[in-house]
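Look for subunit A in each of the two complexes below; its partner is subunit B in the first and subunit C in the second.
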Partner chain A sequence: MSPRPGFVLDVDGSTPPLLMWNGEGYQLDRLPEGSRVLYPPEPLAALDDPVAAIRRALREPLGESRPLGELLRPGMRLTICFDDISLPLPPMRAPDARQLVIEEVLEMAAAAGVDDVVLVAALALHRRMTESELRHALGDRVYEAFAPHGLLTQHDAEDPDNLIDLGVTEHGEEVEINKRAATSDLLVYVNINLVAMDGGHKSVATGLASYRSLRHHHNPQTMRHSRSFMDQPSSELHSSNWRMGRLIAASGVKVFQIETTLNTDAFPEQFRFLQRREWEWSWRDRAAFAASSAAMSGAPPRIVRQILHAIRAPQAMTSVQAGEVEAVHEVTTRNVWAQQGVEIEGQADILSLALPYICPYNVNSIMNPILVACLGLGYFFNLYRGRPLVREGGVVILRHPTRWEFHPAHHPSYIDFFDQVLAATTDPVEMHKKYEEGYATDPWYVHLYRTGHAYHGVHPFYMWYWCAHALEHVGRVVIVGGDPAAVRRMGFSPASTLQDALEMASDVVGPSPTLTHVHVPPLLMADVR
Partner chain B sequence: MKGLVFERSLPRFAAARLTSAFGSGRGAATGPLRLADLDPPAPRDDAWHSVRPLLSGICGSDLATVDGHSSRYFEELVSFPFVPGHEVVGALEGTAQAADGSALLDGARVVIEPVLGCRARGIEPPCVWCAAGHPGNCERVTTGHLRPGIQTGYCADTGGGWSAAGLVAHESQLHAVPDGLADVDAVLVEPLACGLHAASAPERSAEDTVAVIGAGTVGLTVIAGLDFLARKGLAPAPKALLVGARYRHQRSLAEAMGATAALPSDRLTRAVRRESGSLVVGDPTTGGMRLSGGADVVFDCVGSEDSLAQALATVRPRGRVMLVGMPGRMRLDLAPLWHREIRLVGSYAYGSERFGEAAPLRTFDLALELAGDLAQRIGSGRLVSAAYPLDRFEEALVHAGSAGRRGAVKVVFDVRAGSPAGSRPKAQRPPDRRPRNRRDAR
Partner chain C sequence: MRLPRATFPLAPPTWPAGVPRPAPERRVGLDYDHDWSRRYPARLVRAAVLDNVTRPLAQLVTPTTVRGREHLRHIEPPMIFVANHTSHIDTPLFLTTLPVDLRHRTVVAAASDYFFDRTWKSVLWSLSLAAIPIERNRLNRRSADVATGLVEDGWNLVIFPEGGRSPDGWLQEFRGGAAYLARRTGRPVVPVHIDGTRDALAKDPETADRPPGGSGTEGRHTARLRRAPATVTFGPALEPQEGEDARRLAARIERAVSVLGAEARSDWWTARRLQAEGTLPDPRGPAASPWRRAWALGPRREPGQVERRARGAAEPRTERSRWPDLRPRGRGGSRRQRGQRAVTG
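Let's look at the complex of A and B:
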């Protein structure tokens, strides 16, 4: 039986309570009658033989690219770059897609007599991965073969000795990327494409870039003009990365892009109810929900966090394509939409989003308030093509505990950003002008980014910029169940219950508003007509 | 007439230590402090005058005394029995000449400069410190014609502010209260003088990052002093004045009184790091944060082991830690003080302050001006949170001991006529003029 597509549920009297994520927990809650709920499509069928598919993709590249085997020769410098811990979500069950692809690339490189091979985790300004995270992404065999010899590296956007200036785009954007990758005879980029904005030229132009380069598109102006990030023709973020990618190619950097897509099988068997439609829950699903939610509500958040972050998704590869960047990404994007696209008619007055425990920047870490905002207003709000799910001047209701809590090693500059910057302003443009450079160049943050496991000092700004489009578009943001002080610090309104939030929303959108709730994860992308 | 008297009693001293384990100020119930019928102290000569207290504050050193936690260092510097109360606004009985030479009429309101230096003790010639205008550093506080006592309120011969029987003060201790200054503002002149004295310490520049640990009365008066001296052009305004305070109302007041930003205490060092561009030594996820650089000056307005350790972790190499809050015995790792050549400087009381080449100014004169200034800026009586009659002293001291937690700043005794001891009037709370919090520091 083929997987069922996503659909829009009209809530009526017979609709059961719906599962709502609430950070490190979940609950059942009812939505007002007349609300609409977007459900993601069911997971697409996995590739029967992913390794065979990878081999075929490497042999039969897309666009103007020769097969990988023909690009490999003895004596060449080969750099294999790969997406970092931020993808996929939740981390996938071993073997990770990156491991499968990289093992095949290395087999071919070995067969071609290539000795000079370096692996680079394309961190951009993200935190360095730990050994266990690297082992999980690459597999023990690859890790053991490269890491002990210093041949498994992590991109350092602050290492002046390993950055190269490739020039300036026609829009004045400086392009500075990883020197080893750029000066290799071949740069193989191994991607996992979770959403439509991932991959393509963004892989190299962002993943291997310096702050000097990234600031040209990670800024309020670009973010406000990306409507949405997922809709490539309407995304200034996409356009900027494409300009940079083309300049990188024109500079002589030879990129062989390998992109994979995954299905939306996000949770293992014991949590399978999380991706089932509530009225189809079996007694086993109900029991699993009751037992797990009771256990989580009684346990300390730290313990619950450990349990949830230990989840390994059974996500499976649905496609793999390789070759020239733009030709590859066109197919990838189509495949992502095939898995995640859901059509819906018209916008709502209120967009409701129940946020889970994880986002790209808190894997094995704490979802701090800035990441809550980013996940809700930066990512989920932007899961649309055409028009936002909520009308201009409407209200976004998020559900998350939003604790005033930060991981001191992973997010040190976030703590200061929350203390200092958001206390002074929530306006992305103002903070960009007044504070960004100081944080980006702060020697302590630079030190922690380079030597510890800290996100770059500027990263919380970027998280806030991700919200810029939503902040400009909506009239109010309400967070249900959030720590009032933390919520207010961000300029949002705290509410105890959904009912309270709806009453607060009615001050902005009037009585009897329309409401759309997005039932994620697993992820979907709304095609708003 | 009723007054509170503190007697030497080792069993009661031990009992106070025991009961104060349940909260600061609780030593009043079991300790050496008791309400008694007291005779008014007699002026010893024409230079001494009777003062009838109107309001008298409860300060941290009083609480430490009542709870039996004062350093044993002070044992030889006080004389028993004494009537506590050194933050006093009172009414003069008879006429007198004030410290500045002006004439005071019968009934004039005065604030007491409580330090008992050579002049008050009739010592001629005065010690080198008194001669230089620093009676707080007097070398003769155990000699002269008074029994030992570093201040009024700790000397058996002078009486103190916590008594309706009154006290006696030397003319050098009398300062006229301007007509426009309410009693609730004048009672703060003495603590404000302490804050101004600390803020007047030399060697500050406009490039300084200054940190203040604690924003109880001591911290707030230092903040007010730093801001006031800068506005008067007497001392440079720091580039940033960052305050760590435990309670929200303290942070609000700190910002209203001139702090650049006020944060929860555990976030102060981080804010200083940001401001100073320092690195952090060691792993910030374990233990406290220790800066490689830090603030140029840190005012420790708490005086505890923790606060002093934080000060040493927050000040830059060769920087200065001003110890303003009264300390006691403590265990402290002084390795950073040695290694980073940090100067640890005590700040006690007041006297006269010198700014540049100009003639010295009396700290109390500045404090009287500052009290009026604060009343204008943040509201009259804003810092006096509650006033108790003497017969509710146990309650008053518990309130003072938990002031921060209970949203209070200064708790005072109301010794005015119409509020007689034993009448049990309600604690008076001035109208809430809570300043708007510029930075909602949680």
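Let's look at the complex of A and C:
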């Protein structure tokens, strides 16, 4: 049976309570009658033989690109870059898509006699990956062939010796990227496309860039003019990356892009109820829900977090395409929409989002309050094409415990940002002007970023900028179940229950508001008509 | 004190009014997965039940005379058994008459719409009789593939090619499925005639084909299980011949079963002579009204009354036909033979 498309449920008296994520836990709750719920499409069928599909993609590239085999020759410099730990979510079951692709690329490189090969994790300003994370993404065979010889590297956006300035775009954007990648005879980029925003020129122009380069599009103005990130023609973030990518190509950097799409099979069999429609739950699903939610509510958060972060998604590859960047990304984007697109008519007064335990920046880590805001207002709010799901001046209700809790090794600058910057202002533009540069150039944060596993000092600003469009668009943000102090620090309103949140929302949008709830994960993208 | 009513998730969820309910996914009928019934645990259970429960019960309800079993000794399995069908008792009775080495390596083709329309029925018949679902109303590639695969895997197959139990006790036209499978697998067909089981348990008149009209009292009749003697007659194997298509082979099989029917009602020699003379009783019964067809079958036999009259021997009183002669006068057929025709089938 082919997978069912996503759909919009009109909540009525016969609708059962719906599953709502609540950080590191989940619960069942009722929505008011008349609400609408967006359900994602079911996972698409996986490729029967992904390795054969990869080989075919490398042999028959898209756009103006020759097959990879013809681009490889003895004596050349080859750099293979790959997406970092932030993709996919949750981390996929081994073998990772990156491993499958890179092994095929390396097979061809070995056959062609290419000796000078370096692998680079395209971190941008993200934290460095640990050995186990690298092994998971690349597989032991690749890791052990390259890491011991120093040929498996992680992009360092603060290493002046390994950055190269390629010039300035027509919009005055400086383009500075990884020197090894830029000076190679061939740069092969291996991507995982989880949402429509990923991939394309963004892979190199963002993933291998320095702060000097990134600041041109990771700022409040660009974010506010990206409506949304997922809708490429309407995204200033996309446009900026495309300008930079074209400049990179014009500078003589030869990029062979390999993009993969995954289906939305996000949870293993024992958690299958998490992506089933509640009225279709079998006794097994109900038992699994009851047992797991009871266990999680009784266990210490640290243990629950470890269990949840140990989940490996059975996501499978649905497509792979390779060749010239823009031609490849066009096909990739189409495939992503085929998996995630859901049509809905009209906006609502209230948008309800139940947030899970994971976002791109807390894999094997803690989801701190800034990441809660970023996941809700930066990512989920922006999962639309056309118009936002909530009307201008409407209310966003998030559900998350929002604990005042930070990972000191992964998010050191977040702690200070939360204590100092957000205490002073929640306005992205103001903090951009007053505080960003100080955090971005702080030697301690730079040191932690370069030598430890810390996100760059400027990263919490970027997380807040991701929210800029939502913060400008909505009249109020309410967090159900959130730590009141942490929620208020961010300028949002805490509420104990959904009912309380709805009452608070009615102060802004008036009585009898319309409500749309997005049932994620798995991810969906709303096509709002 | 009343206990509080369980709610979701302890109780099953309610179904939103705006969401159409899909047809429940049922893995029954032709889709039923019956592989498990041929694995060793199921075979062990089936063997125990067949040998220790079904066999004594079958003997109790239908004391059975088995004829021609010696033919089976000369056939290399697997083989395809083709039998007439008048009663639900036929299958278990037939299985219990097979030699042990064949009995536990035999599957039965059963109508998917009748025996496999519910999960519990599918499980029951798969386990107890090694039944496999087949499409009986039209040729179905999937049914044919499954049956062929099983025969090729060494399983003997039982087919009732009439497509269902006879509504009135007379033989119905044989369909081509068995012949098709025999041709496809190249395995021999063993014709079998089962006689007398209808007296023990006939097809329920409710479900029998009846002409329109009637007194309106027909529905009061229901099939009852009664004790009655039965005869199972095995014939020599039929091999598909070079150039013989399925239709011709099906006709040959039907003729062979008809001869066995005559043999069950007389004796081997009489049946052969009638066949040689071309005066075999018409196994399909007279082209007459339903009551006359029923009448022509003769009276119901009682337990102990197993022996049949031989041609030329004194006719037992209990088996005297109540309808003297329905068959058009045939070539060389004596009045006595014609009288016998009326009680065979």
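Keep this in mind: the second predicted complex is superposed on the first by the 529 of 529 C-alpha atoms of A that agree within 3 Å, B and C clash if a C-alpha of one lies under 4 Å from a C-alpha of the other, contacts with A are read in each partner's own complex, and residues count from 1 in each chain.
In this text, a residue touches a chain if its C-beta (ideal position, glycine included) is under 8 Å from a C-beta of that chain, and two chains touch if they have at least 3 such contacts.
Remember, predicted model here, so these are calculated numbers, not experimental data.
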{"item": "Side-by-side fit of subunit B and subunit C on subunit A, or clash", "value": "fit"}
{"item": "Partner chain in contact with A:10 - subunit B first, subunit C second, else both or neither", "value": "second"}
{"item": "Touched partner set for A:28, first subunit B, second subunit C, both or neither", "value": "second"}
{"item": "Touched partner set for A:279, first subunit B, second subunit C, both or neither", "value": "second"}
{"item": "First, second, both or neither for A:489, with subunit B first and subunit C second", "value": "first"}
{"item": "Angle at the Cα centre of subunit A, taken between the Cα centres of subunit B and subunit C once the superposition is applied, in steps of 10 degrees", "value": "130"}
{"item": "Contacts of A:113 with subunit B and subunit C, given as first, second, both or neither", "value": "neither"}
{"item": "Which of subunit B and subunit C A:424 touches, first, second, both or neither", "value": "first"}
{"item": "Partner chain(s) touched by A:167 [first = subunit B, second = subunit C, both, neither]", "value": "neither"}
{"item": "A:289 touches, of subunit B and subunit C: first, second, both or neither?", "value": "second"}
{"item": "CA minimum distance (subunit B, subunit C), superposed complexes, angstrom", "value": "38"}
{"item": "Shared subunit A contacts, counted only where both subunit B and subunit C touch the same residue", "value": "none"}
{"item": "Touching residues on subunit A, where the partner in the complex is subunit B", "value": "404, 408-409, 412, 415-416, 419-420, 423-424, 442-444, 447, 485, 488-489"}
{"item": "Residues of subunit B touching subunit A in the complex", "value": "261, 263, 267, 270-271, 273-274, 277-280, 283-285, 439-442"}
{"item": "Of subunit C, residues touching subunit A in the complex", "value": "8-10, 12-19"}
{"item": "List of subunit A residues in touch with subunit C within their complex", "value": "9-17, 28, 277-281, 283, 286, 289-290"}
